[in-house]
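What follows is a group of structures, each given as structure tokens.
What follows is a pair of complexes built around chain A, which joins chain B in one and chain C in the other.
Let's look at the complex of A and B:
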């Protein structure tokens, strides 16, 4: 019954802009076990965490410019958990020597009314997919190895087919803007995963 | 989190907003209520830009309640609502070219929080663009989450300090498909504040009450 603290200043003033540092690669299904085995050795967890998620990508078409993209993700293995809404900004250009892809990232936990709410805001679902795999952690570094599957009937996550014969491997760190040592740590970790997987900075625009 | 009732208190005869609030605080203290900190509830309005001409602009309200400091509630009047964490405000900043913040429309209720046994009473001065527009009173009966079970008790309690100005049963409870026996949640409280803020916005600025 104690009063929660009341802040006089608005919470939005001076929010730290979080940046996502990302390296991506892929591994053929035949080599997946070896990669998981090496990651188990290099990372913190005793046993890696398994996940099964359903992600929906929403677009808001404005009057001009590129459509605004939001990613809404929910867990298939924990249906009562909140939805995770994610906004990723344009990759920061400039420092070519920087080893990882850097972009602004906003993560919001949201209630189960998220899809209806996004539709009311004007967003339309562009595509959806199911991702299943493992999460490993090493300090602030997160490694996600996921098998992506196409959803054949919209909304039906039981009926899926794999997108490819590989799994996607992503090494990422969420840090406040300006921490340049992060990409160095990521590069040295990525070195330890060679030659099982080659993690590199992949510019999403070049593949559109 | 219990059953909450939010109502607007009319100004006492010949008194200002602050004076009316002080009179109410005295009544609560005489009753035996203890002041326990302060509270604030605010509501920001966003207009959707880029709508086809001829269509009415959709209004998106983003509300915060100090009782749940890490959350915010986003809703369309009469439409779906979303409970999200504090980062939703940051996301609205990123969406500024699609949703414009009508800064002059921000309404806020701020005041003291009183506790009397199992009740929480919050009396706030409702302000818009720093001018006082009215008084909100929120009464929460904490042990119960079903309005049908405690509405009579709440009415009796409110009568002891609000006198004749006690409100009717809030329409958020009676308009639910399961009626008065559906458990409440924070969305019901915020919907009541939204209705109050909407009435206050439409009212004229009260004479002699600008602070």
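Let's look at the complex of A and C:
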């Protein structure tokens, strides 16, 4: 592969070759334990990781055209850990032969001054939420089961309120562009979680 | 004629010995593993060992059943010399298992009938079998057959049972709610339902969620227009048009975020 390393890839005008393949679903709180139990059985033999994250979504408005979106995440349980900055591209959902939603994805670790830096660059925070839950792995597949909460007072992650009576379930794989075989693996894994959870490729535009 | 039979006997005994030696080696190494490497031994490798043993036993069985193998049952072995003294050669030949060829052990080793205890048990069983009448026996056979066929049916149709169970489960308890799914996806996707930090007046241009629609709309339109003008030239191969549309949309939407 002659693709340059991620760190030197230009974010604008270039092609970023890592794609995120994604399937989404949700599980009601009363069925959460059975889902976690099943995932423990299906996934790699390790203790599932528990996480509590605070995600801030930043927006850069240009003179014209679409705003530019960046997601900054920090761990609430490990305050010393680096921040995580993520860019997600436009989702592609149209291709019927692909079983998962596909979008560009760039992940970068960042220092704790990330919010100030983004502010200086002209980004403004658009919204924030707190996600708490479990991460499972099976080979390259990643399953995140998380409970989303809205932040009632901006910036105060102690004071939150659950968004719904369900947890979000996301099955994702990072792969170079064009590796559509991974979506087959994802589909067969998703089959094994039925009927507890139906993981589907959901076009976010439909639910705006 | 007799010579040929003798030769056959000899060769089949030889091959039997070599097969039994293989089996013995496999057993030996398996036992060694069980005793010394049980900490590292994985279940698949245990199964492999079992498969090896059963394969070797099968080969021996096949060899014994082979037409060319003379019936060992008809061969007579007579002890020619018994001695109470230790025989080093014999001990070496049997790996120290039989050091003496004496009156005490010969009946055990050259036995052609089952052990006395086994014989006793067999006798008891046949007595019991003779005791119950044929009607009772028939009844018992029928019961056993019924049990077996029930069990087989259960084993063969686990799917139906499972599907029934799942259906019952679904009726009693819903484990997910698609409205919740959509709400959660919309929330992580563009913050729907989450408190907005910017002043409400600037919603229209700054709404992040409108990005997809705004970009999706024009590009789609451009594609259809472009296709309309291009269509007359492509009339010869209408089948190719859909694929063109698809690639155009893909290319346009994936390029869009970057070419500003």
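One rule holds in what follows: the second predicted complex is superposed on the first by the 189 of 208 C-alpha atoms of A that agree within 3 Å, B and C clash if a C-alpha of one lies under 4 Å from a C-alpha of the other, contacts with A are read in each partner's own complex, and residues count from 1 in each chain.
The criterion applied here is as follows: a contact is a pair of C-beta atoms (placed from the backbone, for glycine too) under 8 Å apart; a residue touches a chain by one contact, two chains touch by 3 or more.
Just so we're clear, the structure is a prediction, and the values are computed from it rather than from any experiment.
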Now for A:116: first (chain B), second (chain C), both, or neither, which partner does it touch? first
With both complexes superposed on chain A, which partner does A:125 reach: first (chain B), second (chain C), both or neither? second
Of the partners chain B and chain C, which touch A:42 in the superposed model: first, second, both, neither? neither
Could you tell me if A:174 is touching chain B, chain C, both of them or neither one (first, second, both, neither)? neither
Once the structures are superposed on A, label A:81 by its partner contacts, choosing first (chain B), second (chain C), both or neither. neither
Based on the superposed arrangement, let me know which partner A:50 touches: chain B (first), chain C (second), both, or neither? neither
Chain B versus chain C, judged by how many residues of chain A each one touches: C
Counting only touches as set out at the top, which of chain B and chain C does A:62 meet: first, second, both, neither? both
Return the residues of chain A at which the contacts from chain B and from chain C coincide. 11-12, 62, 65, 68, 89
Okay, in this complex, where on chain B does chain A touch? 36-40, 48-50, 58, 60, 64, 66-69, 74, 76, 79-91, 93-95, 97-99, 113, 115, 120, 142
Can you list the chain C residues touching chain A in their complex? 166, 169-170, 173-178, 180-198, 205-206, 208-216, 246, 249-250, 253-254, 256-260
Name, in rising order, each residue of chain A that touches chain B in their complex. 1-7, 11-12, 15, 60, 62-63, 65, 68, 85, 87, 89, 106-111, 113-114, 116-117, 120-122
Which residues of chain A touch chain C once you look at their complex with the stated criterion? 11-14, 24-28, 30-31, 34-35, 57, 59, 61-62, 65-69, 89-92, 94-95, 104, 124-129, 131, 148, 150-152, 154, 163-168, 195-198, 200, 202, 204-208
